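Across the two complexes that follow, subunit A remains constant while its partner is subunit B and subsequently subunit C.
Then we have the complex of A and B:
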């Protein structure tokens, strides 16, 4: 590995500061005893953390966001596995069109999706329901799930499956014992990325969520429109803490590099 | 009746003919190599026997039965792939046991046969490892064990040694030959390496443009090549005064074709000469016996036995 020169080092340092500063500021502000956003502060208090307890809608929104992320990413991955195996390993009519269709949510602004889904769900009687949220989030996170699953499927050596067939394995056994385990790393990475995108989504969700089905980002967004107190900073600090703990746990259990780069278990 | 027979086997991809009416009979226990340059149809032929490619025409029979009517999973053939194609998420034992598991062999019997086969390929001590923890040569042996353990009717080898370095390749050739003799499995090897084909096979099938140019024992194909292509593919040749002569069959004499040594290269066990003659440039290979040999620029006479 080559060493960085002084200019590169300064650039990297500034870049990292630029990335981390807003997050750190939010965490500092969360500990203020004041009733407004104050930074810097020389006095510390857990006041705004205790305050979260007085707003049960934040806590229920947090759980709703978790469920929404888990459900929509799981369903998106379940769809993307057969799609990725077909697109990644076969040449057929409409293959490019199919890929473009699954990837199209990336191209459409979320504001547009939000308005479209609002109209659509109202017609269907799904307006403001959790089911509606799940359906909309599946559409938005599908490209992320598919991209990483596809990367695994394309890299799969067909002769491994041929070897299994020659040893007497049926198509179903090949899928269960060979193909699925080999695309599993892409599947896990795809789920993680899909979950993060669902948990983070606010632009579209703000249109289709109703009181009672608000996700955490939507609740926070609506709260800061009417209030200027530091409650959202303490909520943010909790979310950041949960994220950091989850990432450490994932790194210990699975390896972050493998998770985010989608590398397979044998390092290929 | 032969054990395995290919009858007028053909495969066309669009307008391209990969295999063009190949007919071949293989006896039980025989080691046959399909030899040829890349694109000659040898791998396509192997894949048609394995069932991964559907022939455009012709038939494949195993002990008289139509093999094309049998699904690839039911053909009972052992295949060793060029990339080894080991299951990366399984240990050596799990890899080798997979085929027996598919056949429904009981666990105790499975363990015994996997152990036996791993001993046969010299990997008795590597049972718990994953493929990624092994060298190329070791992975090669696992692939061979995995194919052999199901006691296949035919063993198909697709360029199995081409990913190994030269020295290891030579060792594996000797070992592969011994293992094949021990188990007696009918074997078809696909290779572009003429030395490998000649070292291992009872018969070679020299292929070019989807056709068999010559089918016969390696020694016969080398000494009496049916076509110029076979002569060139199986080793160096000289075309002198209208006859083809192998470089090692030419010697320096006091009379004969006059020439001048242009280059002389020492290669340990032999000398490699390029001699300029009236009939063109002639390649001569002389064994290194320790005697003094003509140097560069020297005038020489070349002689060879008439065939």
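Then we have the complex of A and C:
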């Protein structure tokens, strides 16, 4: 394959700077020793990271986001595994419509979902509750869980199951010992992607969270609306660090390219 | 068994019926309800909100701004992202995987944190780049960024860029490098190879990336809310204000439903066009 020329490499460098600059600047400013936004040059300080401790609403929002992500992704996976087996391995009437329905949260603007849930949960008496947040998050992260479990359900080799059946295994045993372990990689990566999307969701959540059930991105968003100061940069730096750690773990375990692109970039 | 697939997908179907379809139908109905400062929401049938959305020039201007921003974001994402995907695809093994992660990774980092980065770089007098440029004497006053359309477009282009690179990258994976080599062997210049061989083949990827980026840009909320603030409203931030500040839920619902319908129409229409245009090549 032909190589990139110098112009291409210069372009590539500028592009990478463009992509990384806003993220890096947040992380650097978080280490400022000053009381205002500035780029730390000679002195670095953890002052603003310690300051997070004085804002219990950020701490509790962080734990709430973690719980919300864990619960909603686990439940979304539980719903999507049987659905993925149905869609991936059967031909039936309404299959395409069903897939479109399950994928629809990707296409419906999250503002519209937020508005719809706000009204719906208020009527049900679930307005501003954690249960409402979990229900809403299950729905918006389910497409991510379904897509990856579907990918492994489609690629599943039926002959292994047939072999188990011919050796006398019951339906339940085939499911537990053969089918589920085979879709496990898709299940794990699907729940990881679902977790990250729940952890970062802000647009829909801002409508349905109330004081006391705010998630971390919502708390950050509302804080930035009022003032931008070094505190919010240190909170953002922590969020970025958590996400990057999750990404590295995911990359080691599954391969991030496979997760995002659908196949390995170098495996051809 | 014939009923197996239905039984398997029943839990998810019930879930979606209960907490996707019902709330959406309720929102559509809500947009036909009446509202008053003192009487609150009245469940009567009225076209008042829809008339207001379609006739008031304020809403017209706001929707026009929303789609103008989405258009420029899509344009810049395609112009900048497609060449980068091509360059990435030509890189050698460890680098191409590494840089693909560097460029796609931000997709999973909180959009609030990414937008905050742009506010830190350019925001007002304290923006780091603005401060540096002013102190170096390059510019006399800080570049306007916060509360401007330019600012929203730049930040949104950054936020949505990974989707474009991803779509073009996926299209490039289907390309046969031998065709490029054949063109070079037959004496084509690199520019001709890109224009006549590569571009026509990755065009479906660019277009599908453009559809995704446009839809997400037109419905984006956090970035226009932080950069544009209350002064520069788009459809989603306006709906937010109607719901949580003015408390005129029926009017906010009308804005949201219109945004949803417009987007679905544009996305479905554009996808049909792309599919029809390229059906002969990729059918």
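The rule is simple: the second predicted complex is superposed on the first by the 231 of 268 C-alpha atoms of A that agree within 3 Å, B and C clash if a C-alpha of one lies under 4 Å from a C-alpha of the other, contacts with A are read in each partner's own complex, and residues count from 1 in each chain.
As a convention for this text, a contact is a pair of C-beta atoms (placed from the backbone, for glycine too) under 8 Å apart; a residue touches a chain by one contact, two chains touch by 3 or more.
The shown structure was predicted, so the numbers you read here are calculated from the model rather than taken from an experiment.
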| request: Would you sort A:80 into first (subunit B), second (subunit C), both or neither based on which partner it touches? | output: second
| Who does A:92 touch here: subunit B (first), subunit C (second), both, or neither? | second
| Partner chain in contact with A:208 - subunit B first, subunit C second, else both or neither | neither
| In the superposed arrangement, does A:68 touch subunit B (first), subunit C (second), both or neither? | neither
| message | One more residue to check, A:257. First (subunit B), second (subunit C), both or neither? | response | second
| remark: Between subunit B and subunit C, more residues of subunit A are touched by C
| field | First, second, both or neither for A:102, with subunit B first and subunit C second | value | second
| query | Which partner does A:231 contact after superposing on A: first (subunit B), second (subunit C), both, neither? | reply | neither
| query | Same subunit A residues contacting subunit B and subunit C, which ones? | reply | 265-266, 268
| said: Looking at the complex, which residues from subunit A come into contact with subunit C? | reply: 1-5, 8-9, 11-12, 15-16, 18-26, 29, 36-39, 79-80, 82-83, 85-87, 90, 92, 95, 98, 101-102, 104-105, 107-113, 115-120, 123, 135-136, 138-139, 142, 196-197, 199-200, 202-203, 206-207, 217, 220-221, 224-225, 228, 232-233, 236, 239-240, 243-244, 246-247, 251, 256-257, 260-263, 265-266, 268
| remark: Residue positions on subunit A within touch of subunit B in the complex are 157, 159-160, 162-170, 173, 177-178, 181-182, 264-268
| message | Going by the contact rule set out above, which residues of subunit C touch subunit A in the complex? | response | 2, 4-6, 8-9, 11-13, 15-16, 19-20, 22-24, 26-27, 30, 80, 83-84, 87-88, 90-91, 93, 96-97, 99-121, 123, 126, 128, 155, 158, 161, 166, 169-170, 173, 177, 180-181, 184, 190, 215, 218-222, 225-226, 235-236, 239-240, 243-244, 249, 252-253, 256-257, 259-260, 263-264, 267
| field | Complex contacts: residues of subunit B adjacent to subunit A | value | 50-52, 72-79, 81-83, 85-89, 98-99, 102-103, 130-132, 146-147, 150
